Amino acid sequence: MQLGMIGLGRMGGNIARRLMNRGHEIVAYDRSSETVAALTQEGATGVDTLEGLVASLQAPRAVWVMLPAGEATESTIDTLAKLLDADDVIIDGGNTFYKDDIRRAQALKPQGIHYADVGTSGGVWGLERGYCMMVGAERAIFERLDPLFDDLAPGYGDLERTRGRNAPDDRAERGYIHAGPVGAGHYVKMVHNGIEYGLMQAYAEGFELMQSKSSSALPEDQRFELNLADVAEVWRRGSVVSSWLLDLTAQALAGDSRLDHYTGAVADSGEGRWTIDAAVEQGVAAPVLANALFARFSSRKENTYANRLLSAMRFGFGGHVEPPK
Amino acid sequence: MQLGMIGLGRMGGNIARRLMNRGHEIVAYDRSSETVAALTQEGATGVDTLEGLVASLQAPRAVWVMLPAGEATESTIDTLAKLLDADDVIIDGGNTFYKDDIRRAQALKPQGIHYADVGTSGGVWGLERGYCMMVGAERAIFERLDPLFDDLAPGYGDLERTRGRNAPDDRAERGYIHAGPVGAGHYVKMVHNGIEYGLMQAYAEGFELMQSKSSSALPEDQRFELNLADVAEVWRRGSVVSSWLLDLTAQALAGDSRLDHYTGAVADSGEGRWTIDAAVEQGVAAPVLANALFARFSSRKENTYANRLLSAMRFGFGGHVEPPK
Amino acid sequence: MQLGMIGLGRMGGNIARRLMNRGHEIVAYDRSSETVAALTQEGATGVDTLEGLVASLQAPRAVWVMLPAGEATESTIDTLAKLLDADDVIIDGGNTFYKDDIRRAQALKPQGIHYADVGTSGGVWGLERGYCMMVGAERAIFERLDPLFDDLAPGYGDLERTRGRNAPDDRAERGYIHAGPVGAGHYVKMVHNGIEYGLMQAYAEGFELMQSKSSSALPEDQRFELNLADVAEVWRRGSVVSSWLLDLTAQALAGDSRLDHYTGAVADSGEGRWTIDAAVEQGVAAPVLANALFARFSSRKENTYANRLLSAMRFGFGGHVEPPK
Amino acid sequence: MQLGMIGLGRMGGNIARRLMNRGHEIVAYDRSSETVAALTQEGATGVDTLEGLVASLQAPRAVWVMLPAGEATESTIDTLAKLLDADDVIIDGGNTFYKDDIRRAQALKPQGIHYADVGTSGGVWGLERGYCMMVGAERAIFERLDPLFDDLAPGYGDLERTRGRNAPDDRAERGYIHAGPVGAGHYVKMVHNGIEYGLMQAYAEGFELMQSKSSSALPEDQRFELNLADVAEVWRRGSVVSSWLLDLTAQALAGDSRLDHYTGAVADSGEGRWTIDAAVEQGVAAPVLANALFARFSSRKENTYANRLLSAMRFGFGGHVEPPK
């Protein structure tokens, strides 16, 4: 089917490519005309304005916005709202906060413009492996867009089928779901990312425990020089902790098991944060997800005020002067 | 090769079976004579005493102890120490604390008896999928036992090879490693289990965030009735959080997405606890692994003294009387 | 000076009383006419409508709203906004979210109505001990209301003066501060409560460690039957952990060291939650404050979905059936 | 009474001084002869060997060891064991692990030498304020040493008496307790320190939340420049979070509210760590105490392996390159 794609970065460009490879027609816009030109070479219809994009699409139109969450996405949708007609659909494939989706869908309703939020996982590997998608939309809109999701998703692959699964709708098994009404797609994706932080931190702590086991601070007969690349590799096979993140770990360690060229300042995105806000809002204890987020905060800071205050208190009651770092 | 197997429970029995299926000769002992008889039917040489076991093996002997960690394993090894000869090997395949391995190997040294600790992951699936093994032992002993590990391990399988991996020894890729000297196998397995707790807790918190999103305590337009079986299923394909634990989650939810027949009192074993002790000993921050363990502690208790004291303080400063549960 | 007081519950009533005791004139309103009547007996001018309250005050008026945060406070302020004149002041002494203060002050600005947010600590003890107050307001408004704060605050008391303190303004030493512009008072109070949760949880965990040290699960020579009332009492004198919360703990344990009549379901209020949201917003690692909040969430629930999912995974990979609780 | 004091550092020296001031007779030993000489000037009987110390004391002797926990204390007690007679008492006033106390007392039993462990809080302020003490010993030994504890303790002071307290023994109210048999004193002190870490971290996180509220990363109308010295000061009066640690915080901030001359690398001692080991051993959830400890670990490290691994995974799935620190 025909799709307008706004934002041709790492994610948007590859989504457009995967769709074109499977016979869909892409009308492509990006604020960089060079990026548009490049995709036009690959078969897209390039446009240089949002007006042009809307004019190039047949009604009812489908427009996929793949931009950084926040201001960029918000203003683009505001503009589209003025250009589109009733029954058109705006798809937000970025990492938008789900309450913003709900708010926007409400705002677009009087004009009859539909809205779908698509949480997308798969990162840079999606072009090749396919994208795992969680969609929030009215059911009819989800069905209308199904041909796109069907071709973007990974499909069955060679995964073993889940024992006991007996659902009439096999789309989950092909890599996409209708999560629920508007907002549900991004909500599920948000939790997905929260879990991702937790999983990553669990591996990170475990590998540090193994790396530090060679420390000269330990008694000599309890020191081990573990080959961490081998450990990650062996766990890929038959262990309870095997996962795609472990595959990536094995890959990183195969190249450089000391990881010396990483600074260890770890970024975090909105979704990890919103997950904790959701836990607080819903009264759900989420110590692992929260601590995973906090570990990232700490990774980016030195000598925080909090730590200096601890030292000040220690000096206050015990005259302790901290040892140099 | 020939192996004495002590303990024919879920793990030991299946390890013996997998080895026999691949042509090894098993001399089998269990305190239950019926269990011994059953395995004898499947081709093992059954014995009814440890003396008999030792007598049935050719020197240098290899004896695999597969018993609950602690007293059962300790006393069996004490007895074996009196029966075995120099150059024999005792293999502890259970979940022993790695410092106990180091201590035992030291104690056996004067007699020339070798010791190997084999951390084994794979659970009840090992018979079919193979066992992921991390071995602590002198290198020569590891090499001597290699035929066993080779047949117990999952082998390459159809996993994609780790990009960039270029190690001369491919045993990690076949599912087992020589982790290091005695103790190293169980140390790596201990950390493995610590990570396992963290991964499980990350999923658990995430799924509770999704399950509780249907709560009537939330504003109606922000409630979602999510199909969690579908969510688990869709994440298996192409998402960053795909893993074997997620496969198991999908399987559990396919059968019963409400999980109503679980009580939610979650057991923990020694390894999760020792991981935290190791973190404390080595000065490694492990908030996610620790909180995963603590969540299990809390799951098994109600109305702890800690919580009652919180209520007592709240009453003290604010006259607050807690609402009924 | 003259003050209108709206809400004569545990907090509002006692604030009014303390002010009257020190010569201020209170015009009192509560939705319960009996409560108004009671305070009238003690010297207040009772009114039965907000209109009556406004009419009874001389301009520029000061009206203190002491109601539950949220809807009750919001609607009362909306009504007052229609009744008051330019240069009047609305004081919110409740536990309002500081961003709501900022929003309201903005909304009142066109009418020239001032706004002050007063974070108040001291609980039921305030009538006797005085209230510790953190005020957010334009400086001139803070100064105008100073006579009220001065009399509500505890004053110097017999506390030792802070060594090195050399500030020209001694109001902090008398128990109240101008924290900053509108919102700053409630922000500081919010953090205060976040800290309070953390302190309480630290004591709670520690006392549980002592209480559980008598458990028959421990080796007999490592069991202690500790007299926890005595422990709390002794720590009050000269120890690093002495505090008012410890005083309250000692008091609770003096009466009933087993705390058997508390259920252990611990409530939490908005401020503990907002503190975590602020940590997330500001990128501040707050593991202790977050875990203190989460411990309260957990205290109120049994058999969470999270825990049931852990059990389901354990069953999936190991065939483990959890022991009964 | 007469007491041998071994170790005349900050703690031991002041304990000796406080006892001499109250009429006790001190026989003093330190490996530094200058330190011994200094205390001799103040009235102690100085000795330059342990043999000399034992010879100078009348039987039954009482010897207080006030040395760093671990090797220094252990070897001193080993030596004393050879020099002392039946019915003498060794007092360990340091920060010894309580299981070491139990082991030592067992080892001394055949010789009839008694052992007492005295957990001591009060830091450098003890000379002036008195020491808060938790004693583990046979009851008769505790009673024998009572005159020492009585004079070391702070006494009633001007603290308000705990309401409802009605215990026949008022020693807790004077600042010392017989916690239980050998080990109980250091166990209670260990938990005390674990709580101390939690309390300190709660304040630290809270003050960082206030300090970072002035960050230019926040919207301008939600930034506050809070006077943290004033906040700490005001909370000392009538607030729920008032404590001695807060007094020290106020003192530190009065002098330098930016705390710029602290590096923020925060040391930890054995007791914080043993508290977590005890929580793990006893199955007590202690997320706040554990996270407080972990925060100290993190404060002393940069670019941990754990964090580098997070970055490596992020690069693996998303091509993310972390921003510079």
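For reference, chains read A, B, C and D in written order, and residue numbers begin at 1 within each chain.
What we mean here is this: a contact is a pair of C-beta atoms (placed from the backbone, for glycine too) under 8 Å apart; a residue touches a chain by one contact, two chains touch by 3 or more.
Remember, predicted model here, so these are calculated numbers, not experimental data.
**Student:** Which chain's centre, taken as the mean of its Cα atoms, is farthest from the centre of chain C?
**Tutor:** The chain farthest from chain C, judged by C-alpha centres, is B.
**Student:** When I count C-beta pairs in contact, which pair ends up with more: A-B or A-C?
**Tutor:** Answer by contact count: A-B.
**Student:** Under the over-half criterion for shared residue numbers, do copies chain A and chain D use the same patch or different patches to meet?
**Tutor:** same
**Student:** Roughly how far is chain A from chain B, centre to centre by C-alpha average, rounded to an integer in Å?
**Tutor:** Centre separation, chain A to chain B: 31 Å.
**Student:** Per the centroid of Cα atoms for each chain, what is the distance between chain A and chain D, given in Å?
**Tutor:** Centre separation, chain A to chain D: 47 Å.
**Student:** Measure off the straight-line distance from the CA centroid of chain A to the CA centroid of chain C, and report it in whole Å.
**Tutor:** For chain A versus chain C, the centre distance works out to 38 Å.
**Student:** Please list all residues of chain B that touch 2 or more other chains.
**Tutor:** In chain B, 123, 125, 201, 203, 205, 208, 212, 240, 244-245, 251, 279, 281, 283-287, 291, 294-295, 298, 300, 304, 306, 317 touch at least two other chains.
**Student:** Applying the document's contact rule, which stretches of chain B touch chain D when the two form their complex?
**Tutor:** So the residues of chain B touching chain D come out as 240, 273, 276-277, 279-281, 283-287, 290-291, 293-295, 297-298, 300, 304, 306, 317.
**Student:** Quick one: in the complex, what on chain C touches chain B?
**Tutor:** Listed in rising order, the residues of chain C that touch chain B are 10, 123-125, 200-201, 203-205, 207-208, 211-212, 244-245, 248-249, 251-253, 259-260, 262-267, 287, 291, 295-296, 298-300, 302-320, 322-325.
**Student:** Okay, in this complex, where on chain A does chain B touch?
**Tutor:** 99, 102, 121-123, 125-126, 129-134, 153-155, 157-160, 162-167, 169, 171-177, 179-181, 183-184, 187-188, 191-192, 194-199, 201-203, 205-206, 208-210, 212-213, 215, 217-218, 221-222, 224-227, 229-231, 233-247, 250-251, 254-255, 275, 278-279, 281-289, 291-292, 294-295
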